[in-house]
Every structure is written in structure tokens, then in C-alpha cells.
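Consider the two complexes below, in which subunit A is the common component and subunit B and subunit C are the respective partners.
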Partner chain A sequence: MSGAHESSWTVKVREKAVAALPPEKLLPDGQPTYVASWIYMFGVASIAALVVIITSGTILALKGPAWWHYTGIGHFFNSIHMWAVELFFFAMVVHLWGKYWMAAWRGGRTRVWITGAITFLVAVPTALTGYVSQQNFDAQWISTQAKDGLNSVGVGAFFNVTNFGQMYSYHVLLLPIAVVVLVSAHVLLVRRHGVVPPIELKARLVSASAGEAQAPPTPPPATVGAGS
Partner chain B sequence: MSLLHPKDDTKPWMGAYQPYDLVKEACIAVGVIALLAILLAVLFSSPDEKPSTVAQWARQLPANFVETAATELDGTSGTATYGPPYNHNGEGQHAAFIYLQKWLGVSHPINTADDYVIGPLRTVPNDPTLQAALAEYQAAPQKTQKAWGEAYATPLEEDAQAEEEGKPLPKTVSIDPHTGMVSVQATGTGPVPVMMTSLLSLARSGGLDGSLLTSKQFFQTDYTNPLLFMADGGLLDQRAEEQHLGGDEWGMMNETGSYPGQAWLWLYALWYQIEPFKNSENADILVMLVMGVLSLAFISIPFIPGVRDLPRKIPIYKLIWREHYAAPASPPPAPPRPQAVPDPRS
Partner chain C sequence: MSHPAMTAVMGAVFNLNHPAHVVHWHFIKLPLANVLVIASMLVVFAIALFVPFPGAARRAAARRGGGAP
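So, the complex of A and B:
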């Protein structure tokens, strides 16, 4: 390695990224045996719903905000968009409750919890800006009701729910970017730290200690990093 | 151990692994969720109630329209007395010494008399009677203007109250069944009846919808003016009540029809249903502050004693990991063996 190469910012970033998330951790082909419950499906279901939301939302955005009001196909894509949002929140809420009861912030995973919680909180205004951008009676009613809460804490001074143009910008660009960035950070942190291990029972620890001589631990496969 | 670094005996997993195809699982999940969303869309569609317009309001509730317009003119409407971010006619809500609404200031200035009544009336062409009425109104002292507005609005308010309470309607307000125009019998109203009659005509023709959106530029995306004007009146409320969307019925978390709406706002809407928030003049800021604190607590759960310990005390985790607990326990990992000294000959 030359001196110039060692001082390269690109090389430093690459080396740090690979050290933090080697490919076998980023895209594992094995997972711990304790990952065996339906509750684990709701995290990936949330991401899948987000993919459907963004795909249907992109189609709606390509045709403009009024398209879905006067075409059947537009209304159909709006319906997919709306139901995907409902599925997204449902899956995310179940996922959050599941992770709470697993105490999934254990083992150095506090940032995983924090990014997940913030994602939920940012998703709420992302959905709200969609509801007030609908250009129908729901948008009229929701915006005139929501303004009072936002005005009361001063947010209305720079985030005006009765300004369709501003809300549409937030809904189709700014807030989705925030959600995608947060979800990406959340998933990368999960991959880095691994899925949180079970809360170990004292009785099992005692029995495991007693059986140490008979049963050595199974080493993880070469392609999978143990949760850190 | 500290608040930020609580005791944590979680060890990295040293047990067995099973085959797993992350990419395949993600693709299947997207497919299943997409199919589910399509199925729900086919079965239930989505709501799209047409928006109300100022013209509809003026045609369907003409007395309510002129009553609201009179309060916009005399500065007593909800928007006229709102305070920031629309005007300086009120301080807005506060919690103890916290006046966030006032501190953030007026960012969308609205003068209800000029923006909702006088400005639009100036756009009406070829009406000398109206122009004379406007000139008379604007030449009068503010106190007189207010007295004229109140004298005109009072019979309308009495009429609306009687209707709401189911009492016999006073005969001071009448609506022409053919033209839909409103007559108010009152003295001391100055030029206000002429102005209100013209405004009602303008609104019924649809002209006021356009006037309320007109500003310095051609393209418009800001509906603050017409929405706040309509929110001061009764048509949006009436439609919302018909759809059970009122604040006392969990408000904006619902949407029209039998759709789930923003169910995730249930906790936010809950506070408005109970005391001391329900009847507080500062309900909005109090609810927002409570939700702000709860949101911060939600993010900080890993650091909050008691809340972070609850999952160990209520063993739902035993259900989640029941297969793991049913399997024989793996022994703890052996301590690392000392590394052999390399053979210098090799």
C-alpha cells in the first residue's frame, strides 16, 4: 500500500464499513436457532409494506395528485397505497410490541430500538401529510382539525397543514426520505448486532453448566457472524 | 452500571445456526404484502368524498354563510380571534409559562375583514351600490364598523341558536326560497347588509372560491384562506357530524366511511375524550406536550428503570422463545485456549 492510498478517504470509509458490516453479516445465509416464532415476520412485513407504499405512491406521484379522483385505475392505486399504509402501521406496531417484550435493546442494541421507535414517530406525520394532501373532504376536515394541535406548539408557523403544496412536498419527498433513511439505519444495525438472543433462564444456565463436559457448543457456520 | 449503561448480561449467541435465505424471505414478504394490499383494495376500495366549496356552503346554508361572513367582518370569528400564526388578535394556547404559539409568531397573516369580505367584494364589477357601501364602510371609524357588523350578526346568531335548540325561529331572518338570498331585519347595520348580500351572491356564483385563492401569483397551492373561512362556518362541521368525525368522536383519526383511518393516532385522540383535557381552553397544547413527553419516553425505553425491566417480569418472552427453551441448553462457551507458540522453524 502506498502512503497516498492509506490516506484515501474512500479507502478509510470502505475499510470501516467492511469492518462494521462484513458481507456475511450484511447478507447472512444462516440465523440462530432461537429465531423461530411468527413474531419475527412482522419486521420484514413492515419493510415489505413500505416497499408497496413507495411503489404505489410513485405511480400516484407520476400521474399527479388529482389523477386518482377521476380515473378508476388511479383510484385503485390510491386504494393499494392506503391499505399498504394500514398494513405498514399494523405490522410495525406488532413488531414494536414484540421487540418490547423481547427487551430487544439488550446486548448493545439500544440504537436498534431508538431507530425503530423514531421510524414509527416519523411515519405518523408522513401518513398525516398524505391524508391532508388527498384534495377531498377528508383532507379538508383533517387539515382544519390538525392545525390547532400543531399551531398550539408553534409547529404551525413553519408546517402549515392547510397549505396543499407544502404538505404534498413533505409527503412525496421529504418525509419518505426520512423514513427510508431511518429504516435503512435500523436494518443495518440489526445486521451488525444480530437478532437479540433469548433472555436466558437461570435453570437452563445451571443445567448447561452441568452438561458442559458432554456437549460442546455448536460453532456458528463460517459465513455467519455471531451477534455482537 | 449507570442510567445510560444499565446492567446487561446478554451474551453473544454461541449456539447453533440454521439455514436462512434473507433475500428470498424479503421477496416473498413483498409479494405477500402486495397481494394483501391488492386484495383489500379490490374488496374495500378507499374513500373519496368530494370536497366542499364555498359556493356549496353559500347555497346550502346561506344564513350560516352570512352570519360567518359578518363575524369575519367585525373581527369576532374563530380565525379573526385565533392569534398566531394567523394574526395578533389573541395569544393562542399556553401551558403554564410556555407560550410556544405566541413565541413562534405570525407566519401566515390573515386579516379576515380584508381577505374574506372587503377584498373579494372589490373584485365585483359594475355595481355602484356595492362600491358606495364599501366606501361608506371603509370611511367609518373602526368602532362604528364593529357596531354595524354586530348589529347585523346578532339576529343571525339568535336564529342559529334557536334552530340548534329546536325553538321557534325568530322572524328577523328570512331566506328567499327562490333566490336563496338572506334578509336580516335589524337597525344600525349601516352598509353591512348590502355588502353581505353581494358577498352571498358572489359566493353562490362560485366567484368567492376563486377570490379567496387569489394572491400575488397565478399558480396556487395554498388553501389556508378558504379552508379557515369554511372552518369558521357550519358546512364542514355538518358533514363531519354526519360522518361521525367530530372531536368528541375521536376526531381526525377517523375518515369518511367505514375505513380504519389513522388508527395509530388513538392515543393522541384519547386525551381529548377525558378530563382535564376535554374541556380545557388549552387542550391542544396540553395534549401535544403529553404526547411529546410520551414519545420521548418511547424512544428512551431502554434507559427507563421499571419500563425496561417489565419484559423480564411479565414473561411473554417465554412464549416467543418457547422452542428455544424446550431444546436442551447449550453449555456456556469454553474460555479461550492459550495460543500455541509458533514454531520458529516453520
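So, the complex of A and C:
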């Protein structure tokens, strides 16, 4: 490789990216055996719900309010969108509980935890702007209730829930982009640092590596195939 | 549009023609629907902790026995 190429910003970015996340970490052959537990399934369940949300939301945006209010298929996609949001929050909260109680920020995973927490916080206004973008009495009620709360904390001047155009822009563009970027960063960080092990297993690994004679030798975490 | 027959059937199962039920205990005031969702999240959380994952026992046994997982 010539010196000119080595100074290229694309080369630097590529080398940094591959060093941070080599292909075998980005797309691993398998996961540790401790991942074979239902409590580890709620992160991917959240992502599955998010895919349904974005797909149904894209269809709703393409067809418009008259379609989702006055046609049967529009009602159907409106319901799909709303119930996918319910499932998204349901799975995300159970995921959060599970990760909180296993202290998932251990082992250099602070940024994994922080990106997950921020995703939850950004998802809340994403849902709120969706409720006030419905263009019905429900949206009017929610927006007039929410404006008092937002005004009381001083953000109503630049985040006006009674301004439909602003709320719709937030809901279909700005906040979904933020959620997708945060979720992508979260998943890439999980790939980089690995899924957090259960606390008991990690303690055993630490004691084994410390060479405690009384402890039976603990093998490194076995992996299972990605498709199993 | 909803089919009238379907509306009648669903209306018979879920009568929503009333003010929302609210659970009120001291300063805590929650719609019953939200309470049910929170309770179901707790139930699902407990199930996820205690119900064995399909194949997990077989993999653990294979690992203890030194065989391929």
C-alpha cells in the first residue's frame, strides 16, 4: 500500500472500524451457551417490533390520514403500528429489567448500557408524537393535556404538541432516525463487547483465572451455533 | 370500516362504553389497563427467568460431558 493511500481518511476509518469490530465479532459463528435463556430474548424481540413499527409506519405515511381513518385496510395497518409500539415498549422494558438486575454495564459495557437507556428515553417522545399525529379527538385530547406539562417545564416554545406539522415531522423523520441510529449503535457495541454473562458465571471465571486451588477448573464459555 | 357483526361480538366481550377504571391507592393513580400491562410484564419477566430455554439443558449437559454443544 502506498503512502498516499495510507494517509487517506477512508483507509484510516476502515482500519479503525475493523480494529474496533473485526468481522468475526460483527457476525460471530455463535453465542455463549448462557445466552440460551428466555431473558436474553427481549432485546431481539424489541428489534423485531421496531422493524414492524417502521414498516407499518412507512405504509401509513405513504397512504395518509384519510386512508388510516376511513378504510378497513387503513384501520388494520394503524392497529398493526399501534400494537407493534405496545410490544416494542413491553419487550424493551423487560429487556431493561433483565439487564439492570444482571448489571449489564459490567466488563467495559458502560456505553452499551447508556445507548440502551437513551434509546428508551428517545422512544418515549417518539411514541408521544405518534399519538398526537393521529388527527382525531384522541390526538387533540392528548396534545392539549401534554402541552400543559411541557409548558410547565419550559420546553413548549420549541416543542409544541399542538403544532401538527412539527409533531408529524418529529414522528416520521427526526425521532425514528434517532431511534434507529441509537439501536444500531447499541447492537454494534453488544457485538464488540459480547453479551454480558450472568453474574455467577463471571465470578467463577474470575476466581478460576485467579488460580484458586479449591475451585474446580472452569472452561471458557462454550458457544452455540448462531442458528441454534 | 368495521363489520357490524364483528363490532357487536367484540362489544359483547369488551364493554368499553363507560369511564375508564382507575386503580387509586394513596398518591398512586393508574388506569386499570396500565396496571394490567405492568402486571403482565412482571409475569413475563418471571417466566423468562424460570422457564428453561429449549435445548439449554442438552447443551449444558454436553458441555459438562466434554462433548460438542
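In this section, the second predicted complex is superposed on the first by the 199 of 228 C-alpha atoms of A that agree within 3 Å, B and C clash if a C-alpha of one lies under 4 Å from a C-alpha of the other, contacts with A are read in each partner's own complex, and residues count from 1 in each chain.
Here, contacts are C-beta pairs under 8 Å (C-beta built on N, C-alpha and C of every residue); 3 or more make two chains touch, one makes a residue touch a chain.
Note that the structure is predicted; figures quoted are calculated from it, not measured.
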| item | value |
| --- | --- |
| Partner chain(s) touched by A:197 [first = subunit B, second = subunit C, both, neither] | first |
| First (subunit B), second (subunit C), both or neither touched by A:98 | both |
| Which of subunit B and subunit C A:75 touches, first, second, both or neither | both |
| Touched partner set for A:45, first subunit B, second subunit C, both or neither | first |
| Touching partner for A:36 - first (subunit B), second (subunit C), both, neither | both |
| Partner with the higher number of touched subunit A residues, subunit C or subunit B | B |
| Touching both subunit C and subunit B, counted on subunit A across the two superposed complexes | 33, 36-37, 39, 41, 75, 86, 93, 98, 219, 224, 228 |
| Complex contacts: residues of subunit B adjacent to subunit A | 8-23, 25-26, 29-30, 32-34, 36-38, 40-41, 44-52, 82, 84-85, 92-93, 100-101, 103-105, 107-108, 221-224, 227-228, 230-231, 236, 239-240, 245, 247, 251-252, 255-256, 259-260, 262-265, 268, 282, 284-285, 287-289, 292, 295, 298-299, 301-303, 308, 311-312, 314, 316-317, 320-325, 327-334 |
| Complex contact set, residues of subunit C against subunit A | 1-2, 37, 40-41, 44-45, 47-49, 51, 53, 55-56, 59-60, 63, 69 |
| Complex interface listing, subunit A residues touching subunit B | 27-37, 39, 41, 44-45, 47-49, 51-52, 55-56, 68-69, 75-76, 78-80, 82-84, 86-87, 89, 91, 93, 98, 100-103, 105-108, 110, 113-114, 117-118, 120-121, 124, 127-128, 131, 134-146, 148-158, 160, 162-166, 168, 194, 196-201, 204-205, 207-209, 211-212, 215-221, 224, 226-228 |
| Subunit A residues touching subunit C - in the complex, by the definition given at the top | 33, 36-39, 41-42, 70-72, 75, 86, 90, 93-94, 97-98, 219, 222-224, 228 |
